[in-house]
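Inspection log for the structure reproduced underneath, given as structure tokens.
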Amino acid sequence: MRSSNHSSVSPIAGGAEPSTPGPEWPRLVDTEAPPACCLPLLEVEIAHKGFRDPKRGEHRVVLEQLSFSLQPGELVAILGPSGCGKTTLLQLIAGLDRGFQGDLRWNGQTEDGHPRLGYVFQNPRLLPWLSLRKNIELVLDGQSHKRRRVDDLLEAMGLIDFADMHANRLSVGMQRRGALARAFAIQPQLLLMDEPFVSLDAPTARQLRLLLLDICGRTRPSVLFVTHDLREATMLADRILFLSTSPARITSEVAVRIPRESRQREDLVERAYAAVASRFSGLYP
Amino acid sequence: MSPVMLAAHPLGLRIASALSLLILWQWAAWSYESTLLPPPAAVLDLAWREALDGELLHHLGATLRRVVLAFALAMLIGGTLGVLMGRLRTLDLILDSWLILLLNIPALVVIILAFVWFGLNETTAVMAIALNKIPNVVVILREGARTLDKDYGEMAQSFRLGWRKTLVYVVLPQLLPYFAVAARSGLALIWKIVLVVELLGRNDGVGFMLHTYFQLFDVTGILAYSLSFILIMLVIEYALLQPLERLANRWRR
Amino acid sequence: AETVRMAVLQMGTVAWEADVAKHHGFDTAEGIELIAKPYAGTQATMVALQGGDADVSVTDWIWVSRQRNEGRPYSFVPYSTSIGELMVPAGSGIASLADLEAKRLGIAGGALDKNWLLLRALARKELDIDLARRVDPLYGAPPLLNAQIEQGRLDGVITYWPFAARLSAKGYRSLIGAEEAVKRLGIEVKVPMIGYVFDEDWAKANPEAIRGYLRAVHKAKALLAESNAEWERIRPLMGVKDDATFVALREGYRAGIPRQWGDAERAGAAELFEILREMGGEKLVGKASRLAAGTFWDAQTD
Amino acid sequence: MSPVMLAAHPLGLRIASALSLLILWQWAAWSYESTLLPPPAAVLDLAWREALDGELLHHLGATLRRVVLAFALAMLIGGTLGVLMGRLRTLDLILDSWLILLLNIPALVVIILAFVWFGLNETTAVMAIALNKIPNVVVILREGARTLDKDYGEMAQSFRLGWRKTLVYVVLPQLLPYFAVAARSGLALIWKIVLVVELLGRNDGVGFMLHTYFQLFDVTGILAYSLSFILIMLVIEYALLQPLERLANRWRR
Amino acid sequence: MRSSNHSSVSPIAGGAEPSTPGPEWPRLVDTEAPPACCLPLLEVEIAHKGFRDPKRGEHRVVLEQLSFSLQPGELVAILGPSGCGKTTLLQLIAGLDRGFQGDLRWNGQTEDGHPRLGYVFQNPRLLPWLSLRKNIELVLDGQSHKRRRVDDLLEAMGLIDFADMHANRLSVGMQRRGALARAFAIQPQLLLMDEPFVSLDAPTARQLRLLLLDICGRTRPSVLFVTHDLREATMLADRILFLSTSPARITSEVAVRIPRESRQREDLVERAYAAVASRFSGLYP
């Protein structure tokens, strides 16, 4: 793998031919910023994050010198090799792990500065002792039309028939959809998703991607999601971040310029995908 | 893993098992033939007579009241403390040695000291019983709290469930088996301690009566009173604990 | 030599006696070997007797009679006439049973305790009242009751004589003893209440052992009745901290040594049984209406 | 969830906590000033003297031997039975009522009957203690066995691990918290029961001495003996149980 | 969805144009059997499999009238909508659930008639209290060169550096690779895999697919695997079974005729994929 100190946002517009990729990705210098409007929702600057292996006392660096920012309403995809630290990154952002060096700067709208967070974990993490419906209702505060909202979401996920089943009796794909429904239900301002559409058959996955776009169009959350599927990233994201193997840093960053309203058009996505893919073939060793 | 064959008649199996116990006893009584092992009928007869003249029910009631009060107290205090100690390492470090002290201090010592310091009254009695049981509950629930699944905790945290919802929907369901253990072994322990308390300084209760019969070496009386109380425990078990547990475990595959 | 195993209460009076017998070789002189097995509770000595771990233990004849009625032939030889006392604080206003009205009274040994039953019988006879309804009773373990009265939480206690002796050493006074109650109930003779108890079958099978044993302990008793020096020797066994308690225990023991054991005493025991049966009912004495035949060991009169 | 601030000095915290207990006791003894609450020094002094003349160590040894034997027996039998009852519904149905009976029968009754029927010897004593503890272990491990994760069981089954490997590597690690609970609350329970056993039918042991001192109402003696034994329990806890538990729980995140 | 009583094996040869698909998939009548040689390893005939919902007492049919057979050494992919019963089917075949009506006929080589089974579950199911290496060694019986074998496999999976870590400290993708290593380690005669290559980045996934093909070439196990990725199925499988929504039946069956040795050639796979995909676009409602 090429070692690179710099990456830049290389825009790839839907329909347009991709600009020819340089041999190295120069570092982002705030030129050609993503569809920015104002203050970023979140600025991530992680200097160092590691884990101590309690068995051998060894310290393994997982994230190092990783920084990027997330604009309000922006959809950002993260790609990277298996085990490089993507989940760890999301955990840090969600505030679940404070044992790192670096800084997370929020420019939030809520009273405590942190945005309302929806998290789709890599494993569904539905509570097995609650029914599917209860799992979703749980995260909602005393809204009045709770039940309606949950029903609508379950309907959209194709799970309405299973609403009263205990979560652990659902198939993995169904649980995953349940977890999506849970994260969507709270109308998050920041949506973190860790490989949200795996374990779903192609038609269902596509339908859910469109649902996500629909929701983004309506409530405009910022979305940061991990995926291993470059096609999916191309279709959904405004920007794609590529991570290196651990210690993970951002090796490159690509802006995808497919307008939101045309992202369901497979031909546009396919063309943009071909452009992105050709550039990155062979990037991972 | 569990065979289904016989599971179709759980009630039948239960009754058969209880009956076989009775038959075993009767047979042993016959072959032993001594007042040191009276037959079931004799015990039943005595229990019946004691129940009729009101004594038995009075003593059972007194003991039951103490058991229930001390149980509720111990579960509440011990449960809270146990969960906290399981989660907060500092608190655990601070209270750990106290806990082991209290856990291993003989019931007798606690009871004597309580009686001596606070007098032989009902409140002291209930307190002394609860104090004997609390460390037990703490130990059980501390262990449970340590095994809580981090995944669910993170879920609760990121969705900002707040402590109340987290407690009720995330933590307690995971602690349920430990509560079941604490309740069941706890009722048994309390009932053992209440006997000592009643022996040492109460005017009524099953322990008081057991002691009286013990002085006379009247095994029939001892059995009549113990079995009556065990009967109450059986009713609590089958009418309350087991249905509750079944309900709470319905989700398990 | 035949061995005789004796269950004794650790630091109890019987243990002192056994120690004296052993120390002076009274047992070997009588052709037996006495083994004193210490236990921590009176109940434990009875468990030992019934579990076959001891040949002799010490308890009352009511228990013996009850066992005989149920087919277990234990037998009884007098050990002591003392049983218990009603103790009140020195400055207490309680001067008679009548003054016990609504007082907090600690009772060692439970509702069927003989001291308590005798006092109730006396109150019924002399005052025509049921003491059980008049006082505020508190049943408890004797050491605990001693502590309670010392803390001023009780107005009086009815307790066994060694505990009463400890209280008297601390300045408490005896309102009435069970012995006096028996007398006032119309039984003129001194009836021994507790005694050596053993299995009749064992005694019959080992006549030499039981005879030798009884002689040995009577020798010890005789020595303890006479010699203060002997008491000084066994003082470490008594668990006493002060002289007053020591003396109280010594005199209490001496006062309880049975002097007579003839037909009059046995008749008195039968009368006493009648009184206790009336007060304690079936719970205390079992189904029998009379003292069981053979309760008292006869073979000793040789 | 656990704060890290103080966790850096766990040993210091422990010692501070134990010391504060001692100080509390000393202060209480001063302000109470009665033989009913002797100061720590008096208790220590007595314990020391009793240790020197060999009595204390003898009694401690006797009790410890009984505790250890009964503990091993109870954990073995109770553990096996508990796991089996948790997995096999039929067995559970059959033994359930026996279990509750045994669980709730007063220790006193079991001990008296055992002594009267089988004689007052060491074997009976240990058996009687174990018998009192077994239902407790069964209840705890039965609950544990019910919560076993089906996923891992299926893994073991499809890879044909065989019962031995399944037990050692799949089942026992999941039951570990339950074993920890059974061990800790079990040691405490056994130690409570052994006191009753020694009261009723042994010529030595801490229970024997405690009751002797109780007859004399010598609180100093009572405390000296109880605390000596508690000290042993503390050693077992800190030198054995806790390191073992830490080792076994190292994998938890 | 079209109701169909018949399905047939439609061969799609790598490089060749696919035969034109009929409007309905006629039932398999043993014509044009898959690369058969002899007796099938396993004949599956499931008449009925359902679950009772303990809460509402309702009975849900999951599998119905489902039958197929598996030849020795054959690679068969199963595709189907999320929640249709794929995992349930594998569980039945693995013998983990005997509560169904129907029959599994084994023509096995081992003494008890059942082949040695390797199962890659949908969740990795590594034992969290054991290290990665111990997890794999656990399933091996006292082989002498155990450690060598495990090391080789971990090396191939790119996990050798993590061999001594507790399984629950690995990332999900690493756990998945561990589960694959475990199943490969025992040199199974029958390999069941439930979405084995999800949660892996594209290069790693590709590498592991090739590893699977390599193993298949050497020890020739029969493989039955579930996937949602038609491209993956096309690359790996000799035959693809499509299941309907629950109650699941086989709606169609396609034989992919890419020779084993050319399956690493992306162009062949892409062409065959295009053929299969065009046929099945819109099959799932």
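Letters A, B, C, D and E mark the chains as written, and numbering starts fresh at 1 in each.
The definition used in the following text is that a contact is a pair of C-beta atoms (placed from the backbone, for glycine too) under 8 Å apart; a residue touches a chain by one contact, two chains touch by 3 or more.
On a predicted model such as this, the values are computed, not experimentally measured, just so you know.
Between chain A and chain E, the least number of touch steps comes to 1. For the interfaces C-D and D-E, the C-beta contact count is higher for C-D. Relative to chain A, the chain whose mean Cα position lies farthest away is C.
Averaging C-alpha coordinates per chain places the centre of chain A 87 Å away from that of chain C.
Separating the CA-averaged centres of chain B and chain E is a span of 51 Å. Contact with two or more other chains is made by residues 36, 112, 116, 207, 210-211, 214, 250, 253 of chain D.
Multi-chain contact residues, meaning those touching two or more other chains, occur in chain A at positions 55, 123, 166, 169. The set of chain C residues touching two or more other chains comprises 43, 50, 141, 144, 147.
The touching residues of chain E, when paired with chain A in their complex, are 51, 53, 55-56, 79-83, 85-87, 122-123, 131, 162, 164-166, 169-174, 177, 195, 198-205, 228-230, 284-285.
Taken in their complex, chain A has these residues touching chain B: 91, 94-96, 116-119, 121, 123, 125, 127-130, 138-139, 166, 168-169, 182, 186, 192. Taken in their complex, chain D has these residues touching chain B: 1-3, 5-7, 10, 13-14, 16-18, 21, 36-37, 87-90, 93-98, 100-101, 103-109, 112-113, 116-117, 135-136, 139-140, 143-144, 146-147, 150, 153, 177-178, 180-181, 184-185, 187-189, 191-192, 195, 207, 210-211, 214, 219, 222-223, 226, 229-230, 233-234, 237, 249, 252-253. Chain B contributes residues 151-152, 154-155, 157-161, 165, 169-170, 173, 248, 250-251, 253 to its touches with chain A in the complex.
Across the complex, chain D meets chain C through its residues 36, 112, 115-116, 118-121, 198-203, 207-212, 214-218.
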